[in-house]
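Structures incoming, each one as structure tokens.
Shared between the two complexes below is chain A, which pairs with chain B and chain C, respectively.
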Partner chain A sequence: MATFNVHVTIENKPGISDPEGDTILNDLVLKGTHKTVSKIKTAKMLKFTIKEKDKKTAQSKIQEICDDLRIYNPMVSKVTVDVFEN
Partner chain B sequence: MKVGVVVFPGSNCDRDMYHVLTDVFHLDTEYFWHEKGLPKNIDAVVLPGGFSYGDRLRAGVIAAHSPIIKDVRKMAEKGIPILGVCNGFQILVESGLLPGVLLKNESLNFMCEWTNLIVENNKTPFTNQFKLHEKIPIPIANGEGRYYVDDDTMKKLKKNNQIVFRYSKIVNGSANRIAGVCNEDGNVVGMMPHPERAVESDINPVDNKPSSKIFESLIKKIGVEN
Partner chain C sequence: MSLEEQELSELKSKIGRNPTSTELQIVAAEWSEHCSYKSSKRHLKMLPMDGPLVIKEKGYDSGVLDVGDGYVVTAHIESHNHPSAVEPYGGAATGVGGVIRDILSAGTRPIAIFDGLRFGNIEKDLQARWLFKNAVTGIADYGNCLGIPTIGGEVEFDECYENYALVDVAALGFGKKENLIKNHAKKDDIVVLMGGATGRDGIGGSQFASDSLESEDRSAVQIPDPFIEKLIIEAVLQARDDGLIHAMKDLGGGGLSCAISETADALDIGIEMDVDKVHTRESDMHPDEIMVSESQERMLVVTSKSKLKKLEEICKKFHIGCSVIGQVKFDHQMHVTKGKKTFANLPTDVVANATLLDLPSKEPTYLKTIETEKKFKPVSDYSKTLMKLLASPNIASKIWVYGQYDHEVGIRTVVKPGADAAVLRLDNGKYLSAKIDGNPKQCYINPREGAIGCFEEACRNVVCTGAKPIGMLDHLQFGNPKDPEIFWTFLESLKGLTDFAKSFGIPCVGGKVSLYNETPSGPIKPTPVIGVIGLIDKKPSVPQKISKGDCLLIIGDTKDEMGGSEFFEYIHKFVGGKCPKVNFDDSKKNMKSVLSLIKNNLVKSVHDCSKGGLAVAVSELTMTNQIGCKVSLDKVPGDKLDVDRILFSESHSRYLLAFEKKNLAQIESLLNKNKVSFKQIGQFGGSDIEFSNKTKSIIKLNVERTRKTWLHSLPNLVLHGKK
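Showing the complex of A and B:
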């Protein structure tokens, strides 16, 4: 068994408004000198530590947890699962 | 005839709800801790407002996995009236007992103010004493109250008459100004505004009679004389 660090990023699906991201873009970043930025999306990240036999199993186990326990709401959100070896 | 008020860690409108059910409407009411089951002789269940589990992860999602939700689900299937208010509504959508999701308000602010609802469905156990399109002055108090459903679900809601309450004007960016919905059978109703804060004239500066009909509807449904 090996230990893996897994980053789960929960973000809105395309088309779901993100007023916090819009505010950071329009009222902070674009009011400064950073005019090349065109989009900011907020997201929530959960960092899991898990012991599994390999990276692929760690990935599928965390995805299963996210789906079964509604870690994200599939109507409005999507998750990205990134696995890193410890 | 007994009404159950479910208490989660972080519920904070449970006592207000209990007070209104017992002292104002004289219903036999009992608290039920979320880790325990519901007895079979319950005639209605209320999931009160608050901040179950401190809104961690997402409002209502952790409470939606509480053991008592299995019993709430069974009762929903049997047609027993179930009302979720504010966080209770969030728990009902996160448990899949009601469609949709409640997102952060468009303003990103916690909104605590008086608003007006319009009754869009007067056939539910909590709205049967209203005239269609009757107006209810009522307070809201939430940060995640912006109702959202995808287009297909919205079509189903309209087709099945599942939109129970709408705000009379745009309040928080809710899709179609929706403030409350019901399940397909109509016995499970969720609403963001707080009727338990609006039924007594001492604390309602506008008119306490309309919101009282939410509870009078329940009494009519479960057959208890006031």
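Showing the complex of A and C:
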């Protein structure tokens, strides 16, 4: 068994609006001198630490947990799961 | 999700050619049930919509009532059932946003929100719990961010909403009569789109709402942005004050397609618009997508070229988008272009007026046997039964819900949620009371009497605050109307509401029909939700603390009407029996009497008797006042009934009054004079809720202990999964 760090990124699907990101862009970043920025998207990240036999199992186990516990709504959110070996 | 075959051929024959793809999208959105009311419109006309206080103007999305001294109140109700069943947080929140903009489009400031929520059995069903929790949070977050108080509503759970949600939102607005937008358009006027950018969210939402939900096909998700909504409210109200708005419409279901065609049709004009001018969130949107996108927080405004500069300045000040998308024509055509290229060119009356259907109806077969009651084992311990009812999700205190809503912002709220109806202070010294009520359990057993019952209950609730009902909102929610049995229940409910409204002189000032509410296990029960608005000329009845020695009196007869009661459905798990019927004469007498008792300052607190019957209503009085009460069941007026029925029958037109003993004689003489059925049935004091029949004690519960259970069972269930 090895320990893995699994990062779950939850963000709105492409095409669905992201008021928080838009607000940070328009009312914070673009008000400064950072005119080269064109888009900001917000996301929520959960960092799991899990003991599993391999990378693949760690990833599928975390995906399963997120699905079962409704950590995100599949209708709205896009989820990316990244696994890092500890 | 498109036009049906005969609708397509009808469109072809009306315009004399094949429609373009954009035209098809526009017409499919506008002819959907959600926008066109094609199944129901023919019948909705039966409701009385005129009254001495009703102000009518073309193109209003909300009802307008004159409350005197140059002020008006606006009211509207909407639902967001399909989106909420898929994404409860966003669906419920954007539902609030939509109804707020309907209030705004008449030129009045939104001052209150109400929400009626219905879900599956949260005791067993985790999905229902998830929907409930998130819908409440969605409403709270949206309303609280806007600074509009959410002051009332109702929550109900029933297995018929399994895997589904009914989220009804009503809103009230207030303003000066002179500031109402008089929708009109002049030659050379221009059409402006204000607010958020148009994106791909919610594409096809109105058609989606007109199809039954299937698990795969849940594409319309809308993301709420209350801060833009708040900016729109302020920008629109300033533009209204500066006289910059000729006509206005909110963008809801059907997006630009509906807003443009309905505005043009209502004002008897044509509109030419260019999709390239619409400010979009993504650069590669197709004209079809722009026309049917249901992106939230947008308003359509008709203004003149000379006023545009000022309007643009206001939008700039409030940081909201503003683009001139087209101009007013007088050719009655809805002309959509992209640059110079035409994508749609249709007569507005064709788009805005779908052919109305005359659907067949047939009495459902289940109704033939539903009134037959089953015999139950006698209840051995009534104290336990009452405790179980008070802890049941439908009866337990909803403080967990309204505790999340800011119900005081705006400092108008005089009577807060938790009582019968909330009361708002108006600027002209009068008060406004409002409540929404529904009862699918009774409506299932008897669609007509059940609907009347909801209407009367909402009236009773506002009467308890001392208000006279002046208007009603109806929200009719049913399953698939193409099923003749379902359509029959729709018609019956509507006829019942019409009879009650006519008899009581309460005009219908607004409403909504939501059909195709189907869950994987079948149609929902008929769920009309009725909102009643009441006006108080002088002082509202703010419940006063009940103290030792005060009397408890009941007005109205208790009858053998257990059908759809919580006692049958929750305790005995039995659906059936006779549903309570409202006797119009008694109802009027009782309302009038309660209002004059309140006016003469004779009572401390008035509470209506509904869900859970007398036993629950008395318990609620004792728990909210933290004082005991001794009640003699043998004194309760009405039919000669067994203890079960006296305690738990949900007969209508009943009120509980708490008052000081010294007022008893005066109250009795007033009630006798009005020939009202009433009786003093108990006295407050001690620390127990006690019911006795003659000398036999039936129920004895400690108030404090009961109160704790009543208050905590719902949050415990939602948050920890146990009561």
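Methods note: the second predicted complex is superposed on the first by the 86 of 86 C-alpha atoms of A that agree within 3 Å, B and C clash if a C-alpha of one lies under 4 Å from a C-alpha of the other, contacts with A are read in each partner's own complex, and residues count from 1 in each chain.
The rule is simple: a residue touches a chain if its C-beta (ideal position, glycine included) is under 8 Å from a C-beta of that chain, and two chains touch if they have at least 3 such contacts.
Small disclaimer: the values here were computed from a predicted structure and weren't measured.
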| item | value |
| --- | --- |
| Partner chain(s) touched by A:16 [first = chain B, second = chain C, both, neither] | both |
| Touching partner for A:69 - first (chain B), second (chain C), both, neither | first |
| Partner chain(s) touched by A:2 [first = chain B, second = chain C, both, neither] | neither |
| Shared contact residues on chain A - chain B and chain C | 16-17, 19, 23, 70, 73, 75-76 |
| Sites on chain C touched by chain A in the complex | 86-87, 90, 130, 196-197, 199-201, 218, 221, 223-225, 227-228, 281-282, 295, 319 |
| Chain B contact footprint on chain A (complex, rising order) | 16-17, 19-20, 23, 69-71, 73, 75-76 |
| Complex contact set, residues of chain A against chain C | 12, 15-19, 23, 26-27, 70, 73, 75-76 |
| Chain A partner contacts - residues on chain B that touch it in the complex | 57-58, 61, 64-65, 94, 100-101, 103-104, 106-108, 148-150, 153, 173 |
